[in-house]
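Each chain carries a letter (A, B, C, D, E, F, G and H) given by its place in the written order, and its residues are counted from 1.
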Amino acid sequence: MNTDVIMAGFGGQGILMIGTLLSIAAMEEGKSVTFFPAYGVEMRGGTANCTVVISGEEIGSPVVGHPKSCVVMNGPSLEKYLPFVQKGGNLILNRSLVDPARVTRTDLNVLSIPANDIAREKVKTPQLASMVALGAYIAVTGVVRMRTLFDCLPKVVSKKYERFIPLNVNALKEGESFARNRA
Amino acid sequence: MKNKAKEKFTKQVFSRPRSLLDVSTHYCPGCHHGIAHRILAETIDHFDLREKTIGVAPVGCAVLMYDYFDVDFVEAPHGRAPAVATGVKRAQPDRFVFTYQGDGDLAAIGTSEIIHAANRGENLTVLFINNTTYGMTGGQMAPTTMLGQKTSTSPYGRDFRNDGYPIRIAEMLATLEGTAFSARVATSTPAQIRKAKEAVKKAFDMQIRGMGFSIVEILSTCPTNWGMKPLDAQKRVLGEMSGYYPLGVYKERKQADFA
Amino acid sequence: MTPEPVGIKRELMKGNVAICAGAIAAGCRFYYGYPITPQNDIPEYLSAHLPPIGGTFLQAESEVATINYLLGTSASGKRVMTSSSGPGISLMQEGLSYMAGSELPAVIVNISRSGPGLGGIAPSQGDYFQATKCGGHGGYRMPVLAPHSVQEMYSLTMLAFDLADKYRNPVMILGDAVIGQMKEPFVPTSYVSTVPEEKPWSLTGCAGRPRRIIKSLHLKDDEIEAHNWKLHRKYMTMREEEVRSEPTHLEGAGIVIVAFGTAARVSKTAIQWARAEGLPVGMLRPVTLFPFPSREVDEAVSRADAVLVIEMNTGQMLEDVLISTRHHDKIRFLGKPCAIPTPEEILQEIRSLAGEIGVKAGNVR
Amino acid sequence: MPGTAPLPKGRIEIDFERCKACELCIPACPKNCIEMGTGTNRQGFAAAVFARPGDCTGCAVCAECCPDVCIQVWR
Amino acid sequence: MKNKAKEKFTKQVFSRPRSLLDVSTHYCPGCHHGIAHRILAETIDHFDLREKTIGVAPVGCAVLMYDYFDVDFVEAPHGRAPAVATGVKRAQPDRFVFTYQGDGDLAAIGTSEIIHAANRGENLTVLFINNTTYGMTGGQMAPTTMLGQKTSTSPYGRDFRNDGYPIRIAEMLATLEGTAFSARVATSTPAQIRKAKEAVKKAFDMQIRGMGFSIVEILSTCPTNWGMKPLDAQKRVLGEMSGYYPLGVYKERKQADFA
Amino acid sequence: MTPEPVGIKRELMKGNVAICAGAIAAGCRFYYGYPITPQNDIPEYLSAHLPPIGGTFLQAESEVATINYLLGTSASGKRVMTSSSGPGISLMQEGLSYMAGSELPAVIVNISRSGPGLGGIAPSQGDYFQATKCGGHGGYRMPVLAPHSVQEMYSLTMLAFDLADKYRNPVMILGDAVIGQMKEPFVPTSYVSTVPEEKPWSLTGCAGRPRRIIKSLHLKDDEIEAHNWKLHRKYMTMREEEVRSEPTHLEGAGIVIVAFGTAARVSKTAIQWARAEGLPVGMLRPVTLFPFPSREVDEAVSRADAVLVIEMNTGQMLEDVLISTRHHDKIRFLGKPCAIPTPEEILQEIRSLAGEIGVKAGNVR
Amino acid sequence: MPGTAPLPKGRIEIDFERCKACELCIPACPKNCIEMGTGTNRQGFAAAVFARPGDCTGCAVCAECCPDVCIQVWR
Amino acid sequence: MNTDVIMAGFGGQGILMIGTLLSIAAMEEGKSVTFFPAYGVEMRGGTANCTVVISGEEIGSPVVGHPKSCVVMNGPSLEKYLPFVQKGGNLILNRSLVDPARVTRTDLNVLSIPANDIAREKVKTPQLASMVALGAYIAVTGVVRMRTLFDCLPKVVSKKYERFIPLNVNALKEGESFARNRA
């Protein structure tokens, strides 16, 4: 097994957190993994993104020109990454903020999910939109087990927000079930 | 631009100053860099200096300011703007030269350059944006960080026993012979903004009249790295910050030393 | 990077933080520095984690001051570290030269960015010359270690402290934004010192012993010459004893890649792909950039048909490869300043090189 | 419109796309004419809106306080 | 040592201080570096600090001072003595650490380091030898060079319009929160020498009591580069120099900020 | 150095002063600097001679400030120069990198001393790497000129200003205390500019034209890469067009000395003596250290039996010679850090080399 | 020796080889006991000499003023 | 013709001035010449010295390990340079300040001249001792003509001291005649 994903959205949407969660889960499942975030002088309030590579073998490049999957949480990120997703790759698109009509490619496996709406309406926690998207990504790719993600949540949620862990679990589940139902 | 307002109210009483390009900045919501920029541009326009100005950009959040102003600009290494400006002004004494510097830029790495520019009475104008932190690099402690303030490199709060004291630049530079004008202002209320403009005008005027070095320290905000809403950040300036950094004019030369 | 056997405690760790962990493990309790992207995790982490263990974190007023804080603490006999990037490292050149001249140990981390000038924060290996040929004045040298994984950020930091003390010399860790910013699983191995802790040259006040002087000035002509020969011998010993490199698939490799750090890391992917195509490609990765593994490179290369030097610059280590392999004719260079070459690009280069020299694809694994 | 309402003395325009929703203009207006809006602009911000034009005096205080120079004022 | 004097006058009332090695210095005839050295050595002896002192030597005529003192010494790059001393003191807070710096070293290239050491309240003692010139390199202009003074790089006399003003370090550092003690003394008369010793003692005492940063500026002579006889050089200090650089104590902290 | 025909006005001039004369002749009216031995004659001379001709002499508060004064004046479109030595040049590295990145011309003189650290003021060539590989961050390059006579101190200074303007790049003059402090007869030749005076990129206020920006920051990854490729092409052009070297007695030389500056100068005496003994010795003296005369060295060397590289350091230019002469086997090095090799020592080395390779003494002149 | 001359109260010694003939001790002595000598020492300086021992009070002012620490004082 | 000389003494004795004068004179006579002074951080009030090389051909090294001649104006300089003078070389020794008995070598052509005394008694200008020594050196070596030296004096004597040029001429002459008479 050898896969990679770029996750991208606005700063503050929790992109780096879902990337880290996915990476830790992969590690806990005994895989090699690299997590590479965008860093430094970004446009203030601009975009955030990260690349996660997961493999059964030693990983070379942590940076990926043409990802197998892409989780896109906002408009600018779609513009930036759409051209690079591999032919036949997965695009998880947050249709709460991005019009799916903007996806001009037809050679992708697109899952457009109203992540913000689900987070707000089903999870009652608007901040958890990216967690919803991660759930959907896992449903589509099966790269790690959902169970592992749940178990690893305490490692990425700070002590202060520990009590929200169940909500995070819900968000992951909602994302997963949306994806499964659509499929 | 067509708009209904114009039909009824024909006199535009506030618009973008000529020297400020019609583009969005990269600054965070509510960051006072934007206000300082506008004041600067208005003052350039006021004195009709756009075509004879050379600006010196700092390294800090304002590093891209040359993308926002319609004047010639040179980028200085971190902290060296006063030295670069000296090089420009010595080569072109008849041009208007200013630097715009953050507190990391001016009060930390650039300490020596600002002190000696002031001490030489270098005929320059400096806008000094004190937001008590290194904004651009992610909110580290600056020499101006307040005691007790938590930053990404003072996670337990600034402690004078390890980190020393917040430094008062406007006061220190006022003690130097070469300084013609030194003032501290803020931009957190409409009244303060008006006073800030007055101070910047005076600082410009000093250079225009060849009186020597002029500096305006502007107490500013960094909502992002302070972890505050913009309006709360303004309140911090009005309270805690102006308490330690009193607003006022610390030096104003009335007459040139040479006449 | 190789997946660890299940059961060993692994942590997902950021490269920059692994440096901190390595420093703390090696007994470093003094860190001074000045913020600069992309290494801010290091001061940020240490400002939180040194004080609780009795260590000192002090943010300096500048990089010029920083390197001189290091000088003072090192003269006191304590392990000390700083980190910076491009412009900040440039500002330390005078101090680095003084430390080398005064024979003072310290660890200097360069999580490099792209230059020249303010440049940008894209990853780059443009500081190879500055690090290995030494950007300060007077012709001193220092060991330069080039990690290519989070695990190495940790282990080479520990090694750096030992080398520094062993040779009484500054040691540089040359990373880049990729290795500094990425996270990967990491196993905290324990530190075993290879050098005596006592520093019989350190300044501690002259109670019960003659006073000591630490200096780099030697006013008499022959004194300064003698001092430089002494330093030169030290550098020669480093060349003899401290070379480190990592061979990958060298056996039977018709094409040998020479690359370090991130470029080497990315090359590994390309090599996997190439070998999957049956192309006999291997790599010699210098881990120490100074001392440069000249013999190792020469040996690896002498048995190959072609050499591909890959750097994230326009050709710097290339010079050391050329010096090391004086009789090899087929040396090709793939360079990108301020950008990571993709595995695809490297594979392309390998293919075209294979075509040129007539290396046939076969079964290589 | 009741006959007693005074005529507005000025008018502002807020650049919807450039506003970063910092809210600094809200308390700045002595007449309380501005409010935060609900529509999100292309930057992702819910820009401020000129909610009570009737009270505007054209004093330009709001514009002076806006860090993003989004407000133009006419009198 | 056998000598007739001892036979009759048995009490030696003045001899070389223990911390000063019994060797000749390289200083020019009449150079006050020698007087400052002796005062420093006497004060080290007075507080019985010889065995727990680490000195930081400057780059300047005093670069070789480690050859004259019987204490541990480290050489700092030009101007960086306060930074080097900070590194020493942080590593060994229970040792006594001083720097000794000329006006080129401290007031020009080392401006930033001295200001931030003072501002941090770094618990160090600084002896600052102001002889209005770069002695070691052949008498170039320093930031402390007097207006009108001719030096090898101000051949027409220092002119504030090009070169700025002589900078007053003791006063400037006194304005910083972290400074515990700042004084200016001279060594041109026996009375001044006595006062200078008192000031150096107080500065030492500040560090011993952990009060923070202490500095003594010593108005000194450079007969060689001033082109004067030593006695005339002393007169210049008494007249012209003390006129612009008034002697006195500019700051003396009575109580530590933390108790 | 060759005696001028009687009649031409000769002056006995100090090397350092010849630099000043060259700068003034080339129209430089701005000098900033900070005192340091052994180059103080330069600021001292210019502080007296620039103001009367309307020029500006300003002593800076430090070398860090100095290089940034240069940056500002250069951005204003004026010719500007500084000079320093070892520690001061190290402090300029950040600024030099910025100037290279911002493509700003200036002339930087290094009258080098011995290091590392404070070192000493004995003559040395220990700064070769710092100058030619560029001690600042980011992998920029600059032309480095190495005068070996007072006359060249003058002529190469004039050339330096032209190269700086032609390439919009800093240019370094690398001298040492011997060439800087010595006096010898000198003929003030007249300066003929080879570059246009107008600088259409300079900042003069944007009256009647769009504003201009001078900067080295390029935040977008591809921008900074493109910028670096652009700079790289410029450096390649320098390599093509600006190589300068001086051959001496190369014809039929079985032994070729490669040396620059003072080492080359002293070698000339040794060569006279050796040739008087009938030993066929010649020399190729690099005048530009960057771009290094690789082709010239390779050519000179390819016809020789042995090469003797002589430097006042422990082997720096040697690396460039090795890179230039990949297939030559008999390369010997004579190095002395911080001391001038005497003609006797060089002669000795020549004799033993001649013995080894079996070069027979004969009639060579 | 006339009977009225007071007995000296102190005595100094000047290190002949170390003196640099700067003359600073000369006006420093309130009793005018020191003079510049004529003999040249190994450094090439005509060292100061204790010319009028009879008047010395052992006050040590001369020693305090000597930059080269050449003077020892006894009482 | 190819010769060299090291001149050495206390700072302030005018060593660099006589070296420069000799160099200019050589240049004016059409020769190649180099003048190399000691520079920089010397012991304050310490020694001053310079090396002058004169030749009919291009000069290589301006620094000389074993000079053909040495003009020694004080004791420390004798110690420093005596061992290096070439066998059979010339030593002009200022015996006003250095005891000729200290010259332990017998393979040199030694001229010991009371330069300070001559300057004081015959030239009435004690400062001109080294000019006296230069005159003697010229008498011994004939490396340039006396006339040329006289002509070149205005180039090394500053405007302020112009009126002392005749005294300098006298000093040179006194040195020369002392040397000739001794010979």
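Going forward, a residue touches a chain if its C-beta (ideal position, glycine included) is under 8 Å from a C-beta of that chain, and two chains touch if they have at least 3 such contacts.
The model shown is predicted, which means the values in this text are computed figures rather than measured ones.
Undergrad: Could you name all chains that are in contact with chain D and with chain H at the same time?
TA: Where chain D and chain H might share a partner, there is none at all.
Undergrad: Moving only from a chain to one it touches, give the least number of moves from chain B to chain C.
TA: Step count on the best path from chain B to chain C: 1.
Undergrad: Could you grab the centroid distance between chain B and chain E? Build each centroid from C-alpha atoms only and quote it in angstrom.
TA: 36
Undergrad: Mind checking the centre-to-centre distance between chain B and chain H? Centres are C-alpha means, answer in whole Å.
TA: Chain centroid spacing, chain B to chain H, equals 63 Å.
Undergrad: Where the centres are mean C-alpha positions, what is the separation of chain C from chain H, in Å?
TA: 56
Undergrad: Using CA atom averages as chain centres, what separation in Å is found between chain A and chain G?
TA: Chain centroid spacing, chain A to chain G, equals 89 Å.
Undergrad: Would you please write down the residue numbers of chain G that are in contact with two or more other chains?
TA: Answer for chain G, listing residues that touch two or more other chains: 20, 43.
Undergrad: Out of chain A, which residues touch more than one other chain, so two or more?
TA: Expected reply: 41, 45.
Undergrad: Which chain B residues touch at least two other chains?
TA: 27-29, 31, 63, 75, 77, 108-109, 111-112, 116, 143, 163
Undergrad: For a test of understanding, state which residues of chain C touch chain A in their complex under the given definition.
TA: For this pair, the touching residues of chain C are 1-3, 6, 10, 12, 37-38, 121, 177-178, 181-185, 265-272, 340, 342-344.
Undergrad: Under the touch definition given earlier, write down the residues of chain E that touch chain B in their complex.
TA: 108-109, 111-112, 115-116, 119-122, 143, 160-161, 163-168, 171-172, 175-178, 257-258
Undergrad: Would you pull the chain F residues touching chain E in the complex into a rising list?
TA: 34-37, 40, 43-44, 47-48, 51, 56-59, 61-63, 87, 117-118
Undergrad: What residues of chain H sit close enough to touch chain F in their complex?
TA: 20, 23-24, 27, 30-37, 39-41, 56-63, 65
Undergrad: Any idea which chain F residues touch chain C in the complex?
TA: Contacts found on chain F: 64, 85-87, 89-91, 93-94, 97-102, 112, 114-122, 124, 126-130, 133-140, 215-225, 228-229, 231-232, 313-314, 316, 319, 322-323, 326-327, 336-339.
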